[in-house]
């Protein structure tokens, strides 16, 4: 039994009377894609926030590579190897594609306290950044301003930035959102390969992608995981069906 | 459309040509005006690092301008009155040497920026603006109450301080000194904007969450930017006090804080030469419009409104269009 | 230090604080509802004072002057909102700061152009002048006492307005979710103009009332504006309760600090050093208070937003 790369134990979070996370325990093993699905309002964003360090759980713990990171900041977790992509693109819009990738590389290298050298001339940073861009297929757009990219290209850039960190685990928040079918297919293929490099905790609404990619699925409803299993198991699960009645599956 | 680099080159040319002409035509007052513009430019370049790159709307940057000015005023005052600044724990005498004064101004500004920044950056947005403004007022009132150094009336320094090898009393020589410093500061600002720090700071302004999740600390980046920015504006303050041979609490005033921002906005936020062009334009307006009417601030206000409401990008934006991609 | 002097100074601090509250309430409303930082608020204070002084001088009636202050400031506020402020709601803070700073320049120089550089005089009206004897035998200026009462009445009025009226509901809704109230069909444009004019009227009233005990001159508004900002930082943006408590705290700190700090320092230093250091420290006391609040509560004492 291999150790999980990422694990939460009994995560609880309430906002006043609203219990957004109720005793959530999930894990992510090497080489797998573990999808989190659930209706809107189920608490997926809250869960991601606690895993990545932007929200503090009221109770429970988060472990990354066996280390308890519950009290570590988001940036400490990033340095420890936790990559993240956002549902709403969080990129420096005025900067170019290359500059955003360089930012990731800079974060990975850990030293922004250099005030004189031209960042574009730093060979190490440049290599890391360009490598990531090549992997997602954006190398021809290196000099394009991020604001001018299409939605799908921005998603690709998000992934590229996460990759510059050489992540040990990836948390992806609805990467397919807003992608057309072409883009979704390409991204699906990409993530399928990526899992071997870094396992992915994938929050998604796009059921085609989920069923195509997921090794395991956990279903989150009203802050609680009501079922975890393989694609077949989840498809057959009655409780899941009920929760999703009316949902586009 | 004129390319931004050409606009920059023309500005540098003007900074050399206009005083040269003034020297030839025996118009020392023009040289003084240019010196004033150069010093304002340095102050604004300082602010632009925090504001243009870091997105920190500091409405209290006159704090550093005043600290630099008073550093000069206090040191020179003790030198010219042959009194010691402090006798305990060790003897500190005054000085009239510019390099020493600049060093003191820079260190004090850095310290102040560290404290003010650490406190103010606990907040964001509107709070930050209000707090920096409030700190400016704090120093302003403190300076007024400090009777030992002139209080409200300010402090006069009878003879300009000295710089090795120069006759600083000669307007053109003092201007040359200020211009040299301006060029150095510009070079530093340019390099910084293209550096890893500049990239990270710029990203911290646009997407702080992203910066956090790549493993960097946006708060610390902004704090260091604030300190660097305060140091440069502090140096400008020391120069300004020397230009006028006078320092007073108005160097801490909110009006001056506002004017420093105006230099940047007139020239173009975040543009390398924005503060320089803005300062030149402001001094020119101050001189010409001020000559025409006692109430020229009304026109400045109207101009400012027009620029803000209808034409962002300032003068450089108008001349050169969108900022070019950093290649 | 006698008890009488202490009580007098406490009352002075209260009076100062309550007048600050009028400014701060307007500012915090405008920011809470419209998300706008308004540096021109000090100009509205000044306009109120000038209207009051001009009308009082022309008609001999202080009350008419006050009405003129309210009307003048409200109208100026509404005009400014329609012509300039309206264009700023979607812009970033830097633009708002610069545009309202530009307004300060225009208003200040404009006022100087119309009225000249010398201060105007606004006298405390006869029916409010002179001392009044408080319980305990303390004599205190009736006018200052009136200011405290007026300020508290305004605070009560605001509370009632916001919690009991339709406008108040709209204001509270707007503070919570700006986009939502548009979706609910509320006339945002009109709401914003009304809120801005209300804030302006409060500022103008404050300027007129204080103008009778200080001088009415160009530039009188900005120091008060900045203090009002300190009040809001301490009290929390968007909170009228915070503005009131913050204002009273600031007023008391400033007034009492000026008395107590030199006295306190006299325990450690000789009288003249103590007085000079003390008065310098006192001038900074408010800002030290602000810094302390910031360290402990970055969103202010009652701030909901960070």
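Each chain carries a letter (A, B and C) given by its place in the written order, and its residues are counted from 1.
We take it that contacts are C-beta pairs under 8 Å (C-beta built on N, C-alpha and C of every residue); 3 or more make two chains touch, one makes a residue touch a chain.
Not measured: the values here are computed from a predicted model.
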Chain occupying the most central position, where position means C-alpha average: B
Chain whose Cα centroid lies at the greatest distance from that of chain C: A
Chain centre separation (chain B, chain C; CA means) in Å: 31
Gap in Å, rounded to a whole number, between the CA centres of chain B and chain A: 44
Euclidean distance of C-alpha centroids - chain A vs chain C, Å: 49
Residues of chain B whose C-beta touches two or more other chains: none
Residue numbers of chain A (touch at least two other chains): none
Sequence positions of chain C contacting 2 or more other chains: none
Sites on chain B touched by chain C in the complex: 51, 57, 59, 119-120, 122-127, 129-131, 133-135, 137-138, 141-142, 144-148, 254, 258, 261-262, 265, 269, 295-298, 300-302, 304-305, 307-309, 312
Chain B-facing residues of chain C, complex: 31, 37, 84, 87-88, 91, 93-95, 97-99, 101-106, 108-110, 112-113, 222-223, 226-227, 229-230, 232-233, 237, 276, 279-280, 283-284, 286-287, 290-291, 294-295, 298-300, 306
Touching residues on chain B, where the partner in the complex is chain A: 188, 191-192, 194-200, 202-203, 206-207, 209-217, 221, 224, 228, 325-327
Footprint of chain B on chain A - complex, ascending: 52, 54, 73-76, 78-79, 84, 86, 90-96, 99-100, 102-104, 106-108, 110-120, 122, 125, 143, 145, 161, 164-165
